[in-house]
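Heads up, there are several structures right after this.
What follows is a pair of complexes built around chain A, which joins chain B in one and chain C in the other.
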Partner chain A sequence: MSEKELGKKLDRCLADGVVKLGTGLGLGIVFSVLFFKRRTWPITLFSGAGLGMAYANCQHDLRSHYLLHTSEQQEQ
Partner chain B sequence: MLRVCLRGVKATAQKSSGRIRLTNVQQCREYTTGESSGASRVVAAGLLTVTGGIGGTIIYAKWDHKFRAAVEKNVPYSEWLLGLALGPASQDAGLPIRKQMESIQPPSMMEKQMRTSKAKSEKKLKETTEPALSQPTQNIQAEASAEATQIISAISEVQSIPAPCDTEPAAAAAAVLQETESAGAAEPLRERSAEEVAARLAQQNQDEKDIIASLSARLDDSLASSAKATLQAIGAQEAALQAITQHTHKLKEAMETEGPTEEKSTQWKDLEAALADRTTSVNVAKTALVKANEALDGLKSVIDKSRGLKITAARPLILAAEENLHKMVVDLDKVVSKVQSAESEAKIVAQYTELVNEAKQQFQREVSSLTPEIQANWKGLTGKLSTDDLNALIAHAHRRIDQLNRELAEQRVRGQIHMEAALEQQRAEDQKALDKAVGTATQHVKEEARLDQERKLAELREVIEAEMRTQLRRQAAAHTDHVRDVLKVQEQELRAEAEQDLSSKLLEQETRYRQLTQEQLDDFTLDMNAAYARLKGVEEAIDSHVEAEEEARKAHRLWLSVEALTYTLKTASAESPSMPLEDAAEAVRASCVDNDFALALTSALPEESLKRGVYSEASLRARFNSLRSLARRVALIDESHNTLYQYFLSYVQAALLFERQQEVPPTQLRSEDLDPFKLLSYASYCLEHGDLELAAKLVNQLRGEARRVVEDWLTEARLTLETRQVISLLSAYANAVGLGTTQAP
Partner chain C sequence: MAPRIWPLVKLVSKVTIAGGAVYVAYDSGLLGSSEQGSMALEKAKAVVPPALEEWMKYFGLEAQLPTMPKIEFSPVNSWNAGVRWTISSLSEAPTRATEYTNQGLQYVKDLTK
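== the complex of A and B ==
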């Protein structure tokens, strides 16, 4: 159903976000601990990056229908 | 405040209830105290009214029988009670009527007796002999009783119409009848009105019979009485006659015979006795005659009266009575005349005896004057007489003889004269007697002649009657003969006419028959042709019918399959689609193999519906309601605006923007109506009102993400709409075909 797509997308976004945020946070913590002497900035950096990636993915996912791929364009 | 009020109310309620209770108790007490007297009073009054009612009913029932009957009918045990009180009802009703009847009869009897006795006394001029009186009265009584019995027996038969002839007994009878009839049931009067004439005739006959009977009885009575009287008179007269003759005979004997004195004295005594006898018998005869005359007069008056009634049947009776009367009169007259002649003879003899006595006395005187010493009966003294006396006596005798001779001569002369005078006298007397005799004889003859005439008249009348009857019979016979002849002639004529008619009619009928047969043949051939043509037509019609039936069946099948198809649409439940329409569509296709239109339509069914089925409108509606909120949420998103932030803004807008749930869509969409919120509200309204098509159209106007979101719903809606359209078309088509094939009655 077309109406469920959005919900699915949003679920994916959320899941993705959670994953990326978690991963970023985890990496940040790891890197902060390993390489950056427990400074907070890598945590926030990496979590931020994760979040950002998630946001970008979500947006891309949500936009995907409206984006005409070059291959389609080329075929058209 | 409220509480105060409530309290106040409660208080007042309590107080009032208390008062009421008190008053109730008081009243109860009053009732209880007065109850005993009141109750007894009520009971007494009730008993009084009941007894009064019952007593009044009984008394009134005693007086009015109809009321009693009504009460007995309506109230169950009243008849028992009334029977106890008054005695059984039926007797009371029956007795008065009978009493009335009985009371009616005796007065009528008494009335009649009085009337008839008066009449009898008028007729008989105060009867002298009691037996004669008692007999008629007895007869009257018997007659009256007979009449009464007659009447009583005739009550059931005869009508209560007064007799036309106005005779007393009949009138009395009618009065009695009327009274008894009126006392009895009045219904026979009304019911028998048709038999009046017959009844009247019967009544008249009855009356005549009665009159005749009474008449005959009266005549018989008077005849008997007069006959008796006449017989008595005749007997008396004959006795008188006998006595007179005897007396005269004795006198003659006494005069002529010359016997001894004892015989003479006995003779004289006998004579005196005979004379006395004669006088008594003559008197008796006279009285008897008077009586007989009276009786005869009475009979005559009766006869006259009965003649005055003018009833033909009584004439012979009257005639007989008259004859009897006449005979009696004649006999009486005869006897009277005999007696009169005897009396005249007796007179003569008496005169003769007187004369003789006188002469004797004269002679005796003379002799005594001559010879005083000689006693009366000188004949016995002839031996004792002396010669002187004898000579004197002889001389006296000679002188006497001379004297007597002279007297004789004188007497002869005188006698002649006297004889002539006597003859004259006698002639005159004879004439008188003759006249009288002639008169009586003529009267008798006249009477006889009249009686003869009447007899002859009666005979003649009878003869004439008989003649008349015979003549009438003859005439009737002649008439019948004539009629018979005429009838015969008429019969002949009619027969001839009829035969003619018959022959003509037969001829007519024959020609008509021939015509008819010819016509029939023609008609028959025509009919045959027509029938044949019709048969052909019928066959064609049947064939066409068969075709039409076939068509109808096909149409019916098509319709049924279309209905099945329509029904499969309904199998869609709330969430799941309907059954696949494949089978139904197949059935439809099968039922319209040669129908291109239907085939085309069936092929126009969308594949998806065939394979999967369609959603129902309700499910679409429900889905739309959930879709609506989603579409609202992504209302701002389209190709250009589709960042996440836009998504967020779109959510906020959806949260903050309130539009009407349902709005009536305008007939023409304007540009500002293309707002998704508005569109959704329009679509919602359309859906709520069952217009899926318009809703789909409106939803089709959504653009961007909202459109993408509702895309599936739209396709489903399109699918449903398409299928429904095709099915409706098919159904309409099937209906049309069905209507086309059905025959109007």
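== the complex of A and C ==
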């Protein structure tokens, strides 16, 4: 993986992390207000889940360069 | 009849609102892959400032609040400059240390003469 490609992937990871954290926070607030009597734990749970999803996406994105796909294996 | 139905109506409306929020988040690609997430962030960056301006105009706040000055600051460039400065300082550090030590020793020798 070239340095430029790695830089772009890391930028994407960061942007995705921000988006998913915000989404988790928003959904956590909605669920907390509607179902859980404005407690804090749903907000924390959903924000954490959002960050976890972003981490998993980033991990997959960084590993995808080294994964050999079935069509490439057949060509070889 | 109405007192018995009211809690059910409340529950259904809450579930509808929560489900709708989750659906909107999913539909706009906020819960998808990294590419979708970064595209959603770019779209939000493009849409939010004009929307804010519209709302400020609507509420007549534009004249009251001063406009944000456009600061030309790039965190990426600052970070990269910092990294370059650190590494060049570290690479020059042995040479400089030797020079300063020699100068110090010379100074002490001159004092003792």
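The criterion applied here is as follows: the second predicted complex is superposed on the first by the 67 of 76 C-alpha atoms of A that agree within 3 Å, B and C clash if a C-alpha of one lies under 4 Å from a C-alpha of the other, contacts with A are read in each partner's own complex, and residues count from 1 in each chain.
Methods note: a contact is a pair of C-beta atoms (placed from the backbone, for glycine too) under 8 Å apart; a residue touches a chain by one contact, two chains touch by 3 or more.
Bear in mind the structure is a predicted one, so any value in this text is a computation, not a measurement.
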Fit or clash between chain C and chain B when superposed on chain A: fit
Which of chain B and chain C A:63 touches, first, second, both or neither: first
Partner contacting more residues of chain A (chain B vs chain C): C
Partner chain in contact with A:55 - chain B first, chain C second, else both or neither: first
Which superposed partner A:5 touches (first chain B, second chain C, both, neither): first
Contacts of A:30 with chain B and chain C, given as first, second, both or neither: second
Nearest-approach distance, in Å, of chain C Cα atoms to those of chain B in the combined model: 7
Touching both chain C and chain B, counted on chain A across the two superposed complexes: 58
Contact footprint of chain A on chain C as seen in their complex: 14, 17-18, 21-22, 25, 30-31, 33-35, 37-38, 40-42
Touch list for chain A against partner chain B, complex: 1-3, 5-6, 55, 58-59, 62-63, 65-66
For the chain B and chain A complex, residues of the former touching the latter: 623, 626-627, 630, 634, 637-639, 642-644, 647, 705, 708-713
Footprint of chain C on chain A - complex, ascending: 9, 11-13, 15-16, 18-20, 23, 26-27, 30-31, 34-35, 53-54, 57-58, 61
